[in-house]
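Heads up, there are several structures right after this.
Note that subunit A is present in both complexes that follow, paired respectively with subunit B and with subunit C.
And then the complex of A and B:
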């Protein structure tokens, strides 16, 4: 028998989708029966009370959670988010229900032993409820009490070789795609750079001194599987600058139907015979391809690396050999001024250890500028909008490049400074008047 | 600026403002110290380790305050 009546939550379970309510009920039941004999360190009925407070919130139409807190682990300003219930007498199991963010391994590779270990830890010292994964990529532990925070942190760091992630006005846990480990499209080793920068910027990750959150995300290719272009303040997208490698025999095999387009991903229904003109050539955004006389040609100078042709014919077309990444800055979700996509600031850079140029010429000058000029709670993208692209280039010392501009004379409008113009702005007025009457 | 001088400055300025607010952004503290953020960070972190300041986080934003000040500590059953 459930501790609290939850008719409104029960109704949520009737939909066609997997239900978080069902998940929480299952965990509540598991904790109540405790067949594994777990030595619970927070109230055994925490999940029951969680359902209870959620039901009450639906009933009242407002939340019963309070916002934020001073809780954390010693020396860290991030990784723990204080959550308190404002009805502690009614729901003592969730009076404290703090969230902990656990830094995910690069590429989110786990062993089952590791997953079992963190789940066992969280079942014993927390609610047992996790969110795999949060938007930043962290493993999210949902709900524990204040005394358990240091205990969980000790066990994570000492027994599982695992750190907390970022929260608050910190560098957030850097996140990357699965990269070269499993994907032939990866133009650089996303896991290597993600791990390297995570280690390099530990201070920024754990001790908040930024105006607001800051996110790095690493995509191995323009398919953007971690959506870095939309979700990170600094987005690294893999690119090549030479030519797409073409295997003409494989192209013919796609045209002849021996190879399935998109690696068979659209095999669920009959789409008819593969039509290279319609499905590849005609969809190229820059129209830089042609297929004539059984030969595929690409004008690589016009290619914008949209990945469509490679995605459709992966056996026939491969990324180039001269690989690196582009860096974009300023993407964010909509709080002020709506959502923003990243703006290109580095068209191409080699991404090879020890990443000195990326750190010293891009990341750190941007941080210096944003830390000094950024208003409280202002994201990098908002500062770029407020002070302008020109200012960003000035502060980073990056050279302006036509590829940074979406359309001529719309974004950004660059004003020359006197010292940038040969002869400055001074003129001989008499010479001028010879040709221009007053 | 020496650490002890910085600590005193922060304590005095934050105490003065206590009537109106108890939580401060990092940039407010850097301004009090008259230092660039990166330099101020080292001193401010040391103050957190020494218990002169404590972190407060909403989850998305972090702030700093003196331990025991503001409503938080009593309201959240932590004192």
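And then the complex of A and C:
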């Protein structure tokens, strides 16, 4: 018998898509029966009370979680988010229900052995409810009490060789696409750099010293499967700068219909026979391709590596061999001053260990500038807007490049600096008046 | 419920303390076929919705079965995932950025038993536990935020709206009939921890009433200057309020016509809650993308200014989403993303074919960038 009636939530237990309500009920049942004899360290009925408080929100149309609360583990300023229920008498099992962020492995590959050990820990010391994964990328432990925070952290670090992730005004846990592990489009090893920078900047990740949050995300190619360009302060997007490799025989096989375009992604509808002129050549944004006499030619110098032709004919076209990544800065969601897309600040850089240039010529100078000039809760993109692209170039020493802009400015209001103008700004009015009467 | 120590000594927190070790190294978790062929993949193919094969230079193949699911999951559910991975995949699996689970096998004969096993598992109410799909020109899993299950600022629920939406879009999760992939994302407030602002269709929770002011407690709970500074439109100013008992307290006043309902003040000050059963609801945005394919990445645009919260299944919201998806499926060219289609046919035509009402709320009036969204040409359609 359920502890709380949940008539509204119960209506989410039908339909084809997996039901989170049924899943939480399953966990509630598992905790109530406790067939494994788990020594629960937070209330055994936490999941029932979680369903109860959620049902109340469905009834009221308002959340029943209180604002924040400063809790954490000793020495860290992130990784734990305090959470308290605003109806603790009705739902004592979730009265204190803090979140813990657990730093996920790059690429989100797991062994079952590892996941089971995570489950054992969280079943015993928490609610048994998780997010796999949170939006930034961490494994999220959803709901435990204050005394359990240090215990969970101790077990994570001592038994599972595993640390917490970021929250607050820190470096947030970096995340990446599947990259070279299982994708032929990857222009650099996203997992390697994601892990390397995560480990290198543990101090920035755990101890808040920034004006606001800061995110790194790593996309292996311009398809941008982890959306780095839209949501990371520094977005690393894989690129090649030489020639797309062409297998002419495979091109013919696409034209002849033996190979399915776009790796079979359009199989759910009859789109008619594949038409290379219409579907590839005609859609190329720079019109740098032609297909004549059974031969595909690409003017690679004009290619903007949009990935369309490669996506359509993955067996015929492959990324080039001179690979690295572009770096874009300042993307963020709308809070406060509207959403911002990442701005290109490095058109191409090699992304190979130990990543010294990326760390010392890009990341650290940008942090120095932002930590010096950024206002409280000002993201990097907002500082870029406020102080300008020139300031970013000045502070990082990056060279201006026409690739960095959509178009040159339409106003001539250039803030010339004194040292840019011959003779400087100091002038003698009397000398001027010799030739120009008052 | 007896307290069991992990070994942590609260009297000496630094004793044996291990910190700053970071995540586990990814290589520990690679399946052997991934480890062997990393960086040497030749091509891939989608064999059927949800099933991919990647072929390496070595001739090795890895078959991936992608299943959708709730990112909100119990340890019992994770254990079942592990049981499947132990049975079919030698104890390996991975998760995608969009909360899908990927089971990988290294030969084709292992594929069918895995797919059959996944599709045979159902929850007590008949929902699939592990629906196979989410590839190619279809709809994959919705990335989303916490909502009422765990967050203090939401204007709607996340898991509930996502379940309702995926139930109506389920056929397109299992199929690849659309002109291109269509990414749906959900964020339960403007903070957008889900960063939905570049999605083909974005579901966004939004408040519509200014904060309620808890004058009696405000100065005790909050740093008033921080609450004032948090407001992007400078709508908050300091004031003094006489309480019913005659006591005068420091508090804030809100210029209501300036409020953009962002909730930034509430983030800084818990005595300024915005949540309201009638005021809160859903904004629908459309036409964004993050890929650089053909056209540049772009932001989603607001196409429905407000839909009330209708628990538990948000029918007005799911109807509007279905209208957009069907109009797109019917009208767009092969490879054309929703935003590119809308720009090609023109937004005036978009509202017509999606049967969505255009209201003044959809015309941007927020600061300078608004000007660049107004039409400054006679090139439009009747």
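One rule holds for everything that comes next: the second predicted complex is superposed on the first by the 404 of 438 C-alpha atoms of A that agree within 3 Å, B and C clash if a C-alpha of one lies under 4 Å from a C-alpha of the other, contacts with A are read in each partner's own complex, and residues count from 1 in each chain.
Keep this in mind: contacts are C-beta pairs under 8 Å (C-beta built on N, C-alpha and C of every residue); 3 or more make two chains touch, one makes a residue touch a chain.
Given the structure is predicted, the values throughout are model-derived calculations rather than measurements.
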item	value
Partner chain in contact with A:87 - subunit B first, subunit C second, else both or neither	neither
Which superposed partner A:142 touches (first subunit B, second subunit C, both, neither)	second
Subunit B versus subunit C as contact partner of A:300, first or second or both or neither	neither
Partner chain(s) touched by A:68 [first = subunit B, second = subunit C, both, neither]	both
Partner chain in contact with A:117 - subunit B first, subunit C second, else both or neither	neither
A:77 touches, of subunit B and subunit C: first, second, both or neither?	first
Touch count on subunit A, higher of subunit B and subunit C	C
Which superposed partner A:390 touches (first subunit B, second subunit C, both, neither)	neither
First (subunit B), second (subunit C), both or neither touched by A:265	second
Partner chain in contact with A:229 - subunit B first, subunit C second, else both or neither	second
Where subunit A meets both subunit C and subunit B, residue numbers	66-68, 75, 99, 203, 376-377
Complex contact set, residues of subunit A against subunit B	66-72, 75, 77-78, 80-82, 84, 88, 95-96, 99, 146, 167-170, 203, 207-213, 368, 371-372, 376-377
Interface residues, subunit B side, partner subunit A - complex	25-27, 36-38, 40-41, 44-45, 48-49, 54-62, 65, 72-73, 75-78
